[in-house]
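What follows is a pair of complexes built around subunit A, which joins subunit B in one and subunit C in the other.
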Partner chain A sequence: MSQSYNRGLIEDFGRWKEFSAGMWAWIFHKFTGWMLIGYLFTHIAVLSTAIGAAAGDPAAIQQETDVYTTTIQGLESLFIIRVLEVGLLAVAVFHILNGLRLLMVDLGIGLSAQDKSFYASLVLTGIITIASVPTFMDGVTI
Partner chain B sequence: MSTQQEQPQEPESQEAPEDPEMRGTESPQQERLKEKEQGLAQEEAVDESDLEGETVHLKVFRYDPEVEGKQEPRFDDFYVPFEKGMTVLDAVMYARDEFDSSLTFRHSCRQAVCGSDAFFVNGKQQLGCKTQISELKQPVRIEPLPHQEVVKDLVVDMDHFYDQMHAVEPYFQQEELPDGDLEEQRQSRENREKVKMSTRCIWCAACMSSCNIAAGDNEYLGPAAINKAYRFAMDEREDEEIKEHRLRIVEQEHGVWRCQTQFSCTEVCPKDIPLTEHIQELKREAVKKNLKFW
Partner chain C sequence: MAEQYSSFSRGGTGWLLQRITAAFLIVVLAFHFFQLHFVNHAADVTFAGTQARMENVGYFLTMVLFLIAGAFHGLNGVYNALVNQGLEGTQKKVVLAVLSLAGIALIAQGIWVAVAMAGWT
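Entry: the complex of A and B
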């Protein structure tokens, strides 16, 4: 009996159809968290390249607002950027709502309703995202 | 069934209670009893017509490092005749007794007390003796517990699980005994209620096997061990120093803080222990112990 058989990580991700609410909440929370971190750095990169005065040139500082505004306007005129903005909102809203759920879990409040609160945060995220679409899609053509 | 319904008035019918006490009771009571029995018989008939006379298709994980043909893991199919009230354990025992005596699995008490027969049934950690076949989709896929090494067929190596359980010192420790030879160490009712659920653990390792974190971090104590620590840390009969000692064990890096509240363990626990709740409470206790501003 010296040998034994290691099947590795059987349950993980290959069996996603069998995951329960708590597991999905964990996966979505991780995923949205990494998305937000990714966005943060992309955001810094975009802003620092959009600001012409980053190099410290006085002439650029004079017209800095213009460069910044035009860059943002250029981005905002792209349909894909608007779609990504809606996605960013969805990701952030879910992360906030599930974060509140996790706060409750950490405080030991309503642990027996943890699956319901996950579904509630999903539904709320959906509603807020759909409600935001008219605002985000205002004045952009495909 | 039909013959019984045709002659409910006759005293000689099979439905009439044999007990003299029952015979002496009022007729409405008798009628109610009859109705109840008939109702039960009908329910039985429904249940039986569903699965009775049919066979249950089992797909059982097979592996044996000592047998040439079984070194490569495979699934064997067994067709077991269904009986009312058949559990997964009954089914694999039938398969072993009638078809293949080399089919290996642990079992002992058959009533969810010994914790020997936790299997991975249709993708979920369940106690074989507590899981009804009629509630499962066919074919019933029976595997050994995940994230533990398979020794043979459905038998997994439990050493690591037991190591983690023993690491939290799962026994009552109280140096000071009450005065008097026959004095008892009394626990208040409230305190007993508080630890009640955590005392139900049967060491079946279903929670440990379901835990995603324990699968990736071998040093993580795991839900069962932390629950065990909770059971004693919350027991007010132990001294404060011993409680602090227990908290020192669970608040280490691979202790309570590894739990990411996926609730997997709570979902699979066959004894319905609110494991996540207990882990969270120990987290709060650990914070309270270390955050002292006064």
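Entry: the complex of A and C
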């Protein structure tokens, strides 16, 4: 039988000093989620340059001077964009790993280790993010 | 003690769809990241290269499904987070309507973009 637990109002973020691992996991999941949906809208907006490229001069596509190619390659040449991409990867990896953890919690698997699995999500996110830095920063300078 | 924190009321359709889209997104998002950052470098993306991928009907359908699942998962998550924050009554209905419209607009725009990328316009 499941036990009820009065978590208090987590939404009162002023209580952050009292938060346990599970509450931090919940808050991180929420904030990373907000960032990811914000990014999805931005992503589609940038990719919308494909509409202009497809309607434009086919020769420009061949010469790689169409608006889609120049927009993406222009953005990718910026150091700050690469840093933001690494940040996006960190956010997405944490959201995925913690999401898997939430699925386990939902299924009632390993509940007693839910705090440890949160720390594991953080550590794994850190490792994967650091390991991806060389690939993401390839060919760009400040 | 079973401590559980979730923005979703368990057992509802929203809860179930959030889990189903999550499982799908984990796989396709991982594929997407590898495809466009490790197999093909993002800085080397060209319209011709994008078109070569998008012309493949299987890839096109996967990307469109990816967009629909991502938009639903994200906006359903935002909606539940706001409801959890104490949103109710008219405000709740307005937020649901605004998020639904934003989702429909995002999916419509995304499909238009995918069709343009595939060269089917």
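Note that the second predicted complex is superposed on the first by the 114 of 142 C-alpha atoms of A that agree within 3 Å, B and C clash if a C-alpha of one lies under 4 Å from a C-alpha of the other, contacts with A are read in each partner's own complex, and residues count from 1 in each chain.
The rule is short, and it goes like this: a contact is a pair of C-beta atoms (placed from the backbone, for glycine too) under 8 Å apart; a residue touches a chain by one contact, two chains touch by 3 or more.
Remember, it's a predicted structure, so these values are computed and weren't measured experimentally.
Subunit A is touched at more residues by one of its partners, and among subunit B and subunit C that partner is C. Of the two partner chains placed by superposition, subunit B and subunit C are both touched by A:Asp106.
After overlaying the two complexes on the shared chain, residue contacts for A:Phe136 are found with subunit C alone; subunit B is out of touch.
Of the two partner chains placed by superposition, A:Lys116 touches none, neither subunit B nor subunit C. Contact with subunit C, but none with subunit B, is seen for A:Ile72 once the two complexes are overlaid on the shared chain. Contacts of A:Leu89 after superposition on the shared chain: subunit C is touched, whereas subunit B is not.
Residue contacts after overlaying the shared chain place A:Arg15 against subunit B, while subunit C stays out of touching range. Once the two complexes are laid over each other on the shared chain, residue contacts for A:Phe41 go to subunit C alone; subunit B is not touched.
Shared contact residues on subunit A (touching subunit B in one structure, subunit C in the other): 3, 5, 7, 10-11, 20, 22-23, 25-26, 102, 105-106, 108, 111, 114.
Within the complex, the subunit C residues that touch subunit A are 1-7, 10, 19, 22-23, 26, 29-30, 33, 37-38, 41-48, 50-51, 67, 70-71, 74-75, 77-78, 81, 84-86, 102, 106, 109-110, 112-113, 116-117, 119, 121. By the touch criterion stated above, subunit B contacts subunit A in their complex at residues 63, 65-66, 73, 120, 123-124, 143, 146-147, 149-152, 157, 210, 212, 215-216, 260-264, 266-267, 274, 276-277, 280-281, 283-284.
For subunit A in complex with subunit B, the residues that touch the partner chain are 1, 3-7, 9-12, 15, 18, 20-23, 25-26, 102, 105-108, 111-112, 114-115. Considering their complex, residues 2-3, 5, 7, 10-11, 20, 22-23, 25-26, 30, 33-34, 36-37, 40-41, 44, 47-48, 50-51, 53-55, 61-62, 64, 66, 68-69, 72-73, 76-77, 85, 89, 92, 96, 99-100, 102-103, 105-106, 108, 111, 114, 132, 135-136, 138-140 of subunit A touch subunit C.
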